[in-house]
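Each structure below appears as structure tokens.
Common to both upcoming complexes is chain A, partnered first by chain B, then by chain C.
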Partner chain A sequence: MLGQGSIRVYRALITQGFQVLSAYRVSLFLYALFSFIRPIIFLAAWVAVAESQGGRLGAFSKADIGGYFVITILVTHLSAAWDFFEFEFEIRRGSLSPKLLRPLHPINYAIVQNVLWKLITSLAVVPVAIAIAITFEARFATTPGHVALGAVSAVLGASIAFVFGWVFASVAFWTTRVHAVVTLYQRAAFIFAGQIAPLTLLPGPLFAVAMALPFAYMLGVPTEILRGGVDLGTGALMVVGQVVWLAVGIALYRVVWAAGLRQYSAVGA
Partner chain B sequence: MPDVVIDVRGLTKVYRVHERQEGLGATLRSVLRRTFKEVPAVTDATFRIDAGEVVGFLGPNGAGKTTTLKMLSGLLYPTAGEARVVGHVPWRREGDFLRAITLLMGNRTQLVWDIAAADSLRVLQEIYGIPEERYRATLGELTELLDLGPLLHKPVRNLSLGERMKVEFAAGLIHSPRVAFLDEPTLGLDVSMQSRIRRFVAEHNRRAGTTILLTSHYMDDVVALCKRVIVIHRGRLLYDGELGELAQRMAPYKVITVALRDGAGSAFLDDLGTVVSREEARVTLRVPREHTAERTARIVRELEGDLVDISVEDPPIEEVIDRVFQGAV
Partner chain C sequence: MRLLRLFIRTELQFALEYRVNLLLEVMQMVVVAGTSIAAVLILFTYTEVMNGWTLAQMIVVLGVYYVVQGAEELVMQPSFERFMEHVREGTLDFILLKPVSSQFMVSFRHFQTVQTLQVLLGLGVVVAGLSRLASDVTPASALAFAVTLACGFVLVYALLLFLSTLAFWFVRVDNLLAIFWAFIDAGRFPTDIYPGWLRLTMSTVIPVGIAVTIPAKAIAGLVDLQTLGLILLATVVAWVVSRAFWQRGLRSYTGASA
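Showing the complex of A and B:
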């Protein structure tokens, strides 16, 4: 539970976060707009494939594909995590040390920055997603129950992505070349999260692998629940899976962070 | 008896560094088999600092000063040894410890670049849980001492180096730490700003009783602020004591400066010591410490009528330190 002191700290960090983000307002919205490009390309490609096969792709109609990728745009936006890039830079530039010297865990700054960025750029993302939905005549089988469960699932998905982002960011304690490790992580996420196509369209073995890794629980699971692609019972089980992955991520993060601090050589700090 | 706020025993830090020879062959071999060497940065450092002391921590580049400060501020884990700062083991980084210390580095910023310093200070107020009244009082005092008024509401990126250092000090001291580690706080500043920062540190120490461990390559900083110095070289402590006694302990000679009428009798001085400089009628020579009295008496006696002035001093502190670092002692 957040105490009075924590609320005041977070209020101050949010104020500061707004001030920093407002200094970069143009680039902020440009980054958000770039995030549409990939889902729109896949959406157009899969719709073209479906048209060549009589208007269907497995269990998905063209409208279902539209619905999937519109939700993907929103969930991808919500689950965006970039700390693995920022953290390495902070260590190299020496700006991590001042944060470590304060009685506040550095992850708190990142939480505020992450949430603020998503809230502000949603102003650009939501209208574009609606326009895409209309253009591609997207279909959703979403019930109020799906919305409620999907909202929880989306927050859990974003939290898993954030925590695993910090696990991989912490690799920077050992090497100043985190990019290689992060690239591997991002490629795996690209294949197994549901960015390319709905996970149910993956070949059986790949689908099994996807469901055994955390990536599907960041993006594919909330997307399927929010578009009404699964019944509520199945959705609830998927949410339980998310809770498990979040717990694993937090445990892993604590271990890696504690070991990383011991390793930290305060490069240039 | 004053409180011991920094207690260091056998503190040692060894870095493990990847080592590679030059050339393609060595590069290829290092891909398959990496070799490391151990580089001792600090070896068996032991010292204590009492509450309210201002101690100069001196050493050439790479001597181990910053590594020591980073261990004492909890940023680095030592390889061996113990340390207590305000009763805490620094590298456990407990909240009470972090609230009691600050580390200011002359070449690093802790302020957010794009916003006004006043906004960053407000965040620090909440992080350190400083009550509003105390925050205003401390900020008022820092503003008065550092003349911060016009600087607090400008984005940090628009401040000059000297101005930024002043607001860095404010950010580092806003929570009234009991211990301040200052690492090259006047680095890159002009002479006037160096002097202002020195006056501020001295005044802050006097008013708040903050214990200060200061590193600086500018001896003026050390002379102005520190009664006591700790000298470190190649990771080992060479001296820990009064600044005034450093020359006595580390320099085995004194400097005699003689002013002569028309330069007469100058050649006689060559036999009494090592002539360091000879400028018209003024000769400066080094004399072994134990012979100083006898040689001074001889100069006075022999040059009687030609002697205009004579002074006997310890060598300048810069020269003493330089001798220590050059391994001449």
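Showing the complex of A and C:
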């Protein structure tokens, strides 16, 4: 599938993507704010809690909490997915129809835009993460093995988030407005992905639920591996979990997209 | 005042037009507030006090946060967003021609009436927090709460007016409001949990921290007269500066086709 032709197509897409992004240089970086504000908020909160308990919470020292949330900034940024909003807009305005007529599946454009945005804006996000790491004296127990496994895990996490983003975006084929569904999705991620607390600090039952849902595999799992919070064996097991969720996500996406398209053409006809 | 009532009535009718949507919006607010409270509860499974703040006080902070955010989304956000659209499309001239204060027209023309429910929800959370607070609410602390909360609204308003006024020169500033959205999230916790330079950013540059933290402290009787005076002073200054800036911007606006 990835022959000469598709390499050429992708090269064109990347050029086009760069042009689109450079037209909105400022807003580009403003939206990166969302990657680090929330991790900083909860980092400060957990450090305050740890201080009240003499500087330690279970397996976490203050420096470990710092390490966790600094990595969270990076992984949140990598796994950002915003296609539901764009998709709703396109369906409502009808601008999706011409895109569907093109020989290339619309997801290809979205992938290129997504990756390019992350590459460019990491110029701003990485320095912030470093500044926060210094401010909170973050500690990492990362070994080269963790970096290698963590890199794979981060890419998998971003892919899971992206695919599930498209599954929920496809809901717009039926409801046109997806805001309510997206809110539910995002608030579930808020609790269970590892945004508000390292997964192991979640109270027992919540931890069990988190490990059974896809959200933790987008954010919490790559973060724990990258900060060296789990040994490589456990990390590898978690990565297997990610592969399973990615497969589930892709399967779901295919079903929902195909059914949605049938629904959509029925409306437009 | 009569105009304001009229604006609110038409917007209310507009909102009731889409009942399912309304129901969904309410559901979303409850889910968002519920999960936020859950996050605080999770933090407090590990401790009794966080930087001097008890669970009950934290719930009050969260309640005030939703009141401020709700009020902001009730009128300021929709109105200012529409204002920027007017500048961009050149339709602002029609508003300036009306025989009403243009600042009033721009700031209070559009309402998202659903957000009233968010304000009420926030107040409910405040009351729930207060009922678990050790100290009783005295008339003095209630008054301090009302005053600081009003100051908070004005501070947020002044900042938004300031940012919106930039539209006269730069035309496209709707992204600047995105900064505000990103930072307002930080208001959910009291500003004093942040270390040095972060606290400064969270409370002075973006006054959301002040707008939320100080009223929550006031109602617990933790704000002295000196702080109260400072807040009042800051509010007046912010109001005067942003208003002057608005008028300066208005003078340099030449219309879309001029």
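The rule we apply is simple: the second predicted complex is superposed on the first by the 262 of 269 C-alpha atoms of A that agree within 3 Å, B and C clash if a C-alpha of one lies under 4 Å from a C-alpha of the other, contacts with A are read in each partner's own complex, and residues count from 1 in each chain.
Everything below uses one rule, namely that a residue touches a chain if its C-beta (ideal position, glycine included) is under 8 Å from a C-beta of that chain, and two chains touch if they have at least 3 such contacts.
Keep in mind the model is a prediction, meaning the values are calculated, not measured.
With chain A as the common reference, chain B sits beside chain C without any clash.
When the shared chain is aligned, no partner comes close enough to touch A:237: not chain B, not chain C.
Legend: residue contacts after superposition of the two complexes on their common chain; A:12 is shown touching chain B, with no touch to chain C. When the two structures are aligned on the shared chain, A:126 is found in touch with neither chain B nor chain C. Of the two partner chains, neither chain B nor chain C is touched by A:134. Of the two partner chains, chain B is the only one touched by A:20; chain C is not.
With both structures placed on the common chain, the touch criterion links A:264 to chain B but leaves chain C unconnected. Partner contacting the larger number of chain A residues, of chain B and chain C: C. Legend: residue contacts after superposition of the two complexes on their common chain; A:103 is shown touching chain B, with no touch to chain C.
Legend: residue contacts after superposition of the two complexes on their common chain; A:53 is shown touching chain C, with no touch to chain B. Between chain B and chain C in the chain A overlay, the least Cα distance found is 7 Å.
Only residues 21, 24-25, 27-28, 31-32, 35, 38-39, 42-51, 175-176, 178-179, 182-183, 185-186, 188-189, 193-198 of chain C touch chain A when the two sit together in their complex. By the touch criterion stated above, chain B contacts chain A in their complex at residues 15, 70, 73-77, 93, 95, 98-99, 101-103, 105, 108-110, 112, 114-115, 119-120, 122-129, 155. For chain A in complex with chain C, the residues that touch the partner chain are 26-27, 30-31, 33-34, 37-38, 40-42, 44-49, 51-53, 57, 135-136, 177, 179-180, 183-184, 187, 190-191, 196-197, 201-203, 206.
For chain A in complex with chain B, the residues that touch the partner chain are 5, 8-9, 11-13, 15-16, 19-20, 23-24, 94-95, 97-98, 100-104, 261-262, 264-266, 269.
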